[in-house]
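Presented sequentially are two complexes of subunit A, the first with subunit B as partner and the second with subunit C.
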Partner chain A sequence: MRFISAILFTAILGFVFGTGFTARAFAQEAPDVGPKPPLVVKPMESHIGNITGHSADAKSDYRRYCAGCHGDYGDANGENAVWLDPKPRDFTIATFKCRSTLTGTLPTDEDLFNTIGRGLTNSNMPIWNTFTKQQRADLVAYIKIFSPRWEHEKAGEPIKIPAEPPVTVESISHGKALFTKLECWKCHGPHGEGDGPSASTLTDSKDNPIRPYNFAAGGSDSRFKCGNSNQDIYKIFMTGVDGTPMPSFADVIQPNDAWDLVHFLRTLQVNRHGKENEVLAAAHGVIPPYVEKSPAPAAAPADNKSPGGGH
Partner chain B sequence: MRTKQMLLTLSTLFVCPSLMCPSLMFAGTVSGKVTYTGTPAHQKPIDMSKEPSCAKQHATPVITETVVTGANNALDNVVVYVSSGAPDDGQVPTQAITYTQKGCQYIPHVLAMHVNQEFDIVNDDQTSHNIHPLPKVNIEWNKSQPPGTAPIKEKYDKPEFIEVKCNIHPWMHGYFAVLKTSHYDVSKDGGDFKLPNLPPGKYTITAWHEKYGTQTADVTITGNETKDVNFTFKATAY
Partner chain C sequence: MRMWAQSHLCQKPQRVSSVLAAAFALIFLLLSASQSANALPAFARKYGLRCSACHESWPALNNFGLKFRDNGYQLMNERDAPIWQNPGYWPVTFRITPIWHRLSSLSQVDTYNSTTGAISGSVTQRISSTGFDLSGLDFHTGGTLEKNFSFYVLPSSDSTGAFHFESVNARVDNIAGSPWLNIRLGKFELNNLLSEKRTLWLTGNGGIYQTYHFIPVNDGNTFGQMGDNQLGMEYMGHSVDDRTRISAALLSSNDGSVGLITGANSYSGFFTFDQAFDAGKLGTERVGAYAFVGEAATYYLTSGGVPIPGSGIGNKGFSRVGFYGQFYLGPHFDLNVVTQHGSDNAYFGQGYGNAIASDGNGTATCTSTAGTTGCPLNNTPGQILPTGSRAPTWNGYTFEARYVYSPQLIFKAVYEAERMSQQANGSGYMGTGGPSPSNLGNINNYSIGYRYNPFMTSRAGFAYFGEFNLFQNAVGPLNSSNKATYQNTSELLFGMDFDF
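Let's turn to the complex of A and B:
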């Protein structure tokens, strides 16, 4: 019996590794031969408020809590990684989803610190609220040892977010017009249910299938990947979610218009209790068509693919 | 290195000792044709029905551009460039180059550029595109470009062949070829390419195709002459 299971085990191992090597052969790369070189923990730092994190101090925490998925070498090849969807972040390319900085730039230390504390909803990244702030800061520093970008580049400048204007039916209505015009619905669907015409074709930057966010799912506490405040939603679409199909809109949405879009997006979370849905309920759940304020005599674009929401 | 340069200079003086020298100095040209053998994968018509504003721009369905061929087994969209022998003088071409999204296609399909050369990305369509190049060496970004917005100005600081995607229109595929040389061309109109203005010297010419990989050829330019270099790629049926 033991003999048979040993044979089976070898066969399965052979299959798994065999396919791995075939893929390599197609890519025409020399396979890595021999053991991996020992990991050098470069002395990196992070600064969050008055806390300074040191990479050397996070060595055991990383190995114990992070390496299982993100891998000893930060390359997203931890032993659990094959079973995960979405895949763990690959720190060697230093592309991060949750940033307050523009697309293509490195996130701030605070962005990474917040991501560790917040976890990533709809993924296997848990909320690490058992760590002390010092532990989290040390881990932020440790993440930086895996990519040379952290030695050559500064973090991006956080985008400027103006104070949030009051939620009104007009702001929701304008947000809806932007949602239509900017074609957010192509992926997120006309009612924000993640079922737009392009949704089924999306892949992340490593070619793994990925789903657009479904605003309508979840109860009153449904969370976004990169935070749950209105400011966080503002940041998500302005800076984009790097490594995924979600682009940055920082160049194409004016700051105050962006707040209107935030207010509309909140109404797509139909089960959420919040000021946006209250304002909408007071208007009997009807979002009036948006009327351009500036004197624009040209005919308004036909709103024939009008997204709904908050009905 | 220095001796090599001196030899180059000496040989230049030797081949053009007259007053015409300056105009003839860089008169070497490498030109030729890129072809394929075998049967390339059948290119399929693209269904753009999900984007009517693009579909109506095409009288007949657009065909995928992974492999673009011409008469006599010609192969287009091959980037041909000097990969060694011409030390990069670091001068970035100032001429404007443009990558246009029109009819939900990238024009040109392959845009070749110099490292650090600025290029414009333009949306000529009535629909939003997101420009999502997928570099491995350079830095990844992803930007939305609704109709009627300003061109996106970008540049890359490391040589790389970068796949470009639009996530909204998954059939849109193209490439940026970022090169550390100003001697490059992309084969077109029947696989033709031309690399003019080469000073005398020994060069390695590399040809890159998105599907069929790379090939190289060595060539020596001794003066005012045109050297024929041809590349033949082996087509695969999948």
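Let's turn to the complex of A and C:
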């Protein structure tokens, strides 16, 4: 009897809370109807070296160069947005792909400054390197008016990038092993051509379809979204590409692992002239299987190789 | 005096009608201010950028647009090749501008004998005309054939619909992956920092830069006109951020005329260099220099007295050198400056070398003897120039100021001055035995205006515009100081400029 009472009690509680939650779910708040209020340009600043950017000074430039895609309200709803693939950045959620800071944190002013000047490859974001530094700094400040995050949070700390170790066949081999172990191939494809089994299912944080990077396309001048140097690729592993399925591996791999992965990824750029492909060519184009190092004696320093892990 | 009175009386009703017509045009423009146009400018719709991204005000380029052009109409992302475009994409833009304008200039007007009705003489009289009109029609088509292979073709008509090829060229860009190696072949605009083909002006005299076209009075050298598109081959190089730009072009000395109807073997060279600097809050400042030097024929072989097209020989030299400056004084105001020192060989100064006129499509229109309509004033072997003949030289200055109130509204003004420093005739002017008046042919050119784009998208180009131009040319009768008097021509113009 007590058992039945308990079940009934639980059922009633479940009903009450369930219906309560359900009712709450259906009881949507009335939207703020009517035309959008005029945009208020909050006095935000950016600091790039000794240059201080002011949001008020970028109002005209934002309209001229940016609003067509990113929208007057920074909500990625400009008149061109519907035609673009990938979609433009939504500044109202303040999630940025190219950062030197850990995943989930705000980028530094310099990160945004560099993104404007570098452009974003494989997207419609041009290389705005004809702007003066002051113009770019002002635009960085302007971007901040769209999200309250910039008022309440500080930018993350830039990660430390250790010196790059020499490129060796062993580092390439270990990078290849990590590429398999971390299941990078599921999105980027076994040959880095962006055709992994999951590639067609990927979406960004706004549910827009998104394609993984094709390493094999292009030649020596092919670019990555967040920079072209090995340091930039390293940064991608450790910071992730926020707003996309590309996670941060900062908690999964060690710095040396990341460098090995960089060296291997460079070999997937088959048409690129670089030291990684030279090393690979010297090995007759064959990456030897990676041999796990034997466990170190208990007294010896810990091996910095990662135990691995997927995503 | 009587004629003045007649003229004065005649002009009163004209003024009233002009004012009424202007008022009507203004009301029409204001009433239609809420309308929009559906337009598909070729590059903007390819890349999804607003017109304002590349144009300070269409069609004048800003620094980003200049870089886009220097890269061969490429943003240098991975989507420049046409394979990335929807197969239905056709890179073409049409442009024609309906206008209302008022033109006022001096003309020689016949006077009649009131008894016999026969022409008795002529007087100089101001003629003012008003009315609705059209500009010519441009078919702009350009873009990439493949990454780093670009083209531009512009068949263009006058307002009657007679077409010619204003621009036709193909370009190989970023050879060996370097922005410093770009080669273009065909008919193209010279690398003028202040582009005449992208001018914001549409009046007859304000729509061209006088400094780019100045020719001394009676000078026969029509070839050295920097404002005209020229036929030739151009090397162009620039830094990645387009701050540094250089170019060198080898051109036929025929002012862009097709058909090899002028000099048998005459060429010109056009060389430019410019450098931009960051000036903090002021913006990007750019300075540069150019030189246009070449030779052109002064003598055509004849057949039965008729100059033979393409037979021009007896080359003589000419040069145009100058300075460019583009100065931004904050986000709203910029000033463009062009200076020029020009010089023609004395043979040109005496009228020799004028091209055999073409119908614009390569067919020579000279069918009679030298010196008649369409035919050059021909030099002859052993020709001795008149006593006192000298190489005409001059200096030119162009100042164009723009106030960009917003990306949609721009106010603009131009002042140009062309000043002769040495006349071709040191003596013997018009049978007087004396030299030409020192100011003969001088020009003052003033324009003011505005352009207003009621909307800004990547799919449309539309602007209301208004302009006034006053053109003063020292070609009138001599005054008491033995100077040529200035003759004024003015034009007031309103219209709708659109491309789609």
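The rule is short, and it goes like this: the second predicted complex is superposed on the first by the 261 of 311 C-alpha atoms of A that agree within 3 Å, B and C clash if a C-alpha of one lies under 4 Å from a C-alpha of the other, contacts with A are read in each partner's own complex, and residues count from 1 in each chain.
The rule we apply is simple: a residue touches a chain if its C-beta (ideal position, glycine included) is under 8 Å from a C-beta of that chain, and two chains touch if they have at least 3 such contacts.
For clarity, every value in this text was computed on a predicted model and none was experimentally measured.
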Touching A:Glu79, do we find subunit B (first), subunit C (second), both, or neither? second
Between subunit B (first) and subunit C (second), which does A:Gly274 come into contact with in this model arrangement: first, second, both, or neither? neither
Between subunit B and subunit C, whom does A:Thr132 touch in the aligned arrangement: first, second, both, or neither? second
Can A:Asp242 be said to touch subunit B (first), subunit C (second), both, or neither? first
A:Thr201 contacts which: subunit B (first), subunit C (second), both, neither? first
So in the superposed three-chain picture, is A:Gly218 touching just subunit B, just subunit C, both, or none of them (first/second/both/neither)? second
Touching both subunit C and subunit B, counted on subunit A across the two superposed complexes: none
Contact residues on subunit A for subunit C in the complex? 57, 60-61, 63-65, 67-69, 79-80, 83-84, 119, 121-135, 217-218, 220-222
Name, in rising order, each residue of subunit A that touches subunit B in their complex. 28, 93, 95, 103-104, 149, 181-183, 186-187, 197-198, 201-203, 205, 240, 242-249, 251-252
Residue numbers of subunit B touching subunit A in their complex, please. 50, 127-128, 130-132, 134, 136, 139-146, 149-150, 152, 167-170, 213
Considering the complex alone, what residue numbers of subunit C touch subunit A? 47-50, 52-53, 62-64, 66-67, 75-79, 177, 240-242, 278-281, 283-284, 331-332, 404, 406-407, 456-459
